[in-house]
Amino acid sequence: MEFSNIKSKFPIFKRKIKGKPLIYLDSANSSQKPKTVIDEISRFYENDFSNVGRSVHTLAVKATNKFEETRDIVKSYINAKHREEIIFTKGATEAINLVANTYGEKYISPGDEILVTELEHHSNYVPWHYLRKKKGAVIKFASVNDNGEIDVNEFKKHITGKTKMIAFTHISNVTGTIMPVKKIIDLAKTKNIPVLIDGTQGAPHSILDVQDLDCDFYAISCHKMYGPNGLGVLYAQKKWVDELPPYQGGGGMISEVKKDKISYAESPTKFEAGTMQTAEVVAFAKSIKFIQDLGIKNIENHESKILEYGLEKLRKDNSVNIIGNPTNRASIMSFTIKGIHPHDIATILDDDGIAIRAGHHCCQILHEKLGIPASARASIGVYNNKEDIDVLCESIKKCKKVFQI
Amino acid sequence: MEFSNIKSKFPIFKRKIKGKPLIYLDSANSSQKPKTVIDEISRFYENDFSNVGRSVHTLAVKATNKFEETRDIVKSYINAKHREEIIFTKGATEAINLVANTYGEKYISPGDEILVTELEHHSNYVPWHYLRKKKGAVIKFASVNDNGEIDVNEFKKHITGKTKMIAFTHISNVTGTIMPVKKIIDLAKTKNIPVLIDGTQGAPHSILDVQDLDCDFYAISCHKMYGPNGLGVLYAQKKWVDELPPYQGGGGMISEVKKDKISYAESPTKFEAGTMQTAEVVAFAKSIKFIQDLGIKNIENHESKILEYGLEKLRKDNSVNIIGNPTNRASIMSFTIKGIHPHDIATILDDDGIAIRAGHHCCQILHEKLGIPASARASIGVYNNKEDIDVLCESIKKCKKVFQI
Amino acid sequence: MELKELYQEIILDHAKNPRNKGKCEGYNHHAKAHNPLCGDKVHIYLKLEDKNISGLSFEGEGCAISLASASILTDTLKGKDLQFSKKVTDDFLNMLKNKTKITLNSLSADQITTISSLSGVQEFPMRIKCATMAWHTLLSALENKGLK
Amino acid sequence: MELKELYQEIILDHAKNPRNKGKCEGYNHHAKAHNPLCGDKVHIYLKLEDKNISGLSFEGEGCAISLASASILTDTLKGKDLQFSKKVTDDFLNMLKNKTKITLNSLSADQITTISSLSGVQEFPMRIKCATMAWHTLLSALENKGLK
């Protein structure tokens, strides 16, 4: 597959926005879906649909096999050791809630510390906040430096004998900072502290090898990987899927149910209560295939070329302030323009067919630290190209014209 | 729309199973999807997809509007009073977990009682069991009588001053028993006890008017209403959505996030953490339209005619034992055949293209009470007809032939 | 071009030079609001004397639409009668919700033009909250009985 | 017709008249298993003496496949050497997983026919667990060192 004609693989790019071609720079929010993924959803519902893991008729068997095949595909893709380490969730948010809730229930006592960072998305802070409320845990924040980076020493500073979890993002969804994941995990291992990586932004843009990383948990949102919405993956190391109690209760996750006691299934079933997404899981196999056909290394290269090009162009405009200047950055450029609120920028850009996001991007703590209520964010996916950046920069000029700056 | 050619609205019925037409009698497990619903998912992903409630660009606005439109459609369909009473979840299982978790956290103390029934699906028992484990709650069970019914007096017997929740199914997914919902709710109201209805089987087969019912909570699985999988609805009365704490933590559900405290959004946003299902919610509007076009009253009639026909035919076979004999029954026939295990029945039926379910149907307590480890279940949806029942009965004869009974 | 409808001169003027910013002297009602999606904030202060809004001001940060809206609100209703102000607020909210026109007799033609400048927001659904937040907050402040 | 492959005479016979049901006398190992999906249960009892399975029986309820499988298992391995039994078990599980044939010399032709009668399950993926559960449970029982 070639990047040159890649927009043609995504039906959405046939669409015009206010009469102009769609320039989609909001992939960090959610990515568009290739035709292969969309078609697989229809194909499955039209030909093979049945609930999975419940019945023994032909459709149920086919559906269950397809569903479990995706689990194997995900397992190989992220190089997990065991298939039961792959748990399907509603999204990264549910994945992190699952860990915070079940790990918290079993291992967190009053005064125990959870170390997160100032870069975290609310999804990787609010669930830990619940443990603060319910269990008397203490939350510590590793600070970002002026470039939007957090090095391993900053983590070291905050680790104490009471640190029971280190949870941080693989790639910041505001600054694009690629965290020194391996170093932080290595540090945590020396202290025997489990590590959860919020891989929501990492997974679509990086080679993943969870065995090499040796993280305890890795959370993924499928909808940012050119996959269906309403689906996520939690990778959890074998020892955790064995030790953690179940999360939601319901059909499928039990072993034996009596009036006075209940025993639970093994992982991954233990963590997959109720009727799961089905077509979505099946179609996610096509998302991974799409990524593999392009090659994740090629994706990284492609995107970083566009990112470099974009950063360079934006830097030339004095009224544009790019947020963060990390040495290792992926796919994300957040910025402000003096005198124009990000919301207004987004509206004006939209008039040129450009989709970006304006707001705090679910990172209020970072924005408070930066002293700004909001920012504009252009984020890059496989389908973007340098021309998209050119249109973006032209439109930024227009913002200034509208606002007479 | 006519029932006579309704299979043509469902692409799956073009499929052959072992060379024979598909006879789908597993709708209580999950229903098949009409073409309008499947096409809406593709249409949405191909033309309008964007994350909802996050960005201000054209696609985001369209997507958000479509998403919220479905909320309004659901609100009208079940006759809720306020749109914020409609919360989208992953399924009925998540809906019940949400209530058990948030209500339990705030209102359940050691010794408080939760009244469920012996008919309950594991989804409406395991989440309450968690409160038994975590909060010291006591679970009481209203008993089924020999017909598979539970009358309001049976509930009355178990209510005490410590009863803090009554949770029961609208329609049993094993016996098809239609519960005397209104009477039980009226009883509960006189004692000021909140009521949760597991409407998973009720919603696809009954007229719903939650204001008339006056239940506190009503849980729905969209995938049993000819809608997408991985989607459910929790109806929760205004006072509860205002009073209950949030469930999962993450993006979207917050108001203000600081390092030391967090405040939450209003309902429904408060309960919808993270990136939600999108195409699924949008397409669910088409499921409701499908049901409305047929008319839910007509569906009830159509299905009950087939049910009566089926029960009558099965009763003629002495080796078939139909589970339960409730006066009010909907769409479900579970049975056993002496000398043939339900799993074997399902396998032999499948050879004739018939999809049923065999097992305990996530109702181990009921099966234990009945003294059987498993049963075979044929469940009826809009697309079934009397010929399907004829094929079923022929194939049951074949079971006996294979087993030389 | 719709964009020009949205960012009219009047709006840009109010956004860049908001009127009545800060806490008005002797205010006895106030309320604040926050749009968690974009971070817009507004805090309305008002002094109610004998059913008359004798003082009215705001603090806030946000986009041009939300700032202009708060500024225009204070400018329009300062010194006005309570009932009348509620009526204008209703009319304003109605204008954005139902695309009706503002036609109150007791507003000057100028004031009507100013308020109506925000009607361009009608075509930008995601921005309606930006335009209405200050007005909803005014209503909250009026309900809020407590001194300061 | 595949169905006939699945429900062969031998299987129906074992399902209807399971051999070695109950607790064998003097058993010193046991293990049980349960398939939560369909409710199948099996409990294997065995008496291990000098690396020989001198007693072997089962209790259980379930479908024809699972009952026949448990019955055939006990019938085939009772009185057999421990190592040998493990090898037969591996071969059996392999037959269902990889569609290999059972060819052990030390089983009689009859026994091979009997065991192989369960190979029809290969074509019914959802039923494989029914056929393998007893065998997995035997392995658990062998690992389980405790007396009774």
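Some notes on this structure:
Order as written gives the chain letters A, B, C and D; numbering starts at 1 within each chain.
Throughout what follows, contacts are C-beta pairs under 8 Å (C-beta built on N, C-alpha and C of every residue); 3 or more make two chains touch, one makes a residue touch a chain.
Quick caveat, the model's predicted, so the values are computed rather than measured.
Seen from the C-alpha centroid of subunit A, the farthest chain centroid is that of D.
The interface holding more C-beta pairs in contact, when B-C is weighed against A-C, is A-C. If each chain is reduced to the centroid of its CA atoms, subunit A and subunit D end up 46 Å from each other. Each chain gets one centre point, the mean of its Cα atoms, and the points for subunit B and subunit D are 38 Å apart. Multi-chain contact residues of subunit A, defined as those touching 2 or more other chains: 54-56, 60, 254, 256, 343, 347, 358-359, 364. Among all residues of subunit C, those that touch two or more other chains are 37-38, 124, 127.
Subunit B meets subunit C in the complex at residues 53-56, 60-61, 64-65, 254-256, 265.
Within the complex formed with subunit D, the subunit B residues making contact are 339-344, 347-348, 351, 358-360, 364, 367, 373-374, 402-404. Partner subunit A is touched in their complex by these residues of subunit B: 11-12, 14-15, 17-18, 22, 24, 26, 29-30, 32-33, 35, 37-39, 41-42, 45-47, 49-51, 54-60, 90-94, 96-97, 100, 105, 121-123, 125-127, 129-130, 134, 139, 141, 221, 223, 228-231, 248-254, 256-259, 262, 273-280, 343, 346-347, 349-350, 354-359, 362, 364-365, 368. Every residue of subunit C that touches subunit A in the complex is listed here, in rising order: 1-3, 6-7, 12, 16, 37-41, 61-65, 124, 127, 130.
Residue ranges of subunit C in contact with subunit B, taken from their complex: 34, 36-38, 124-127.
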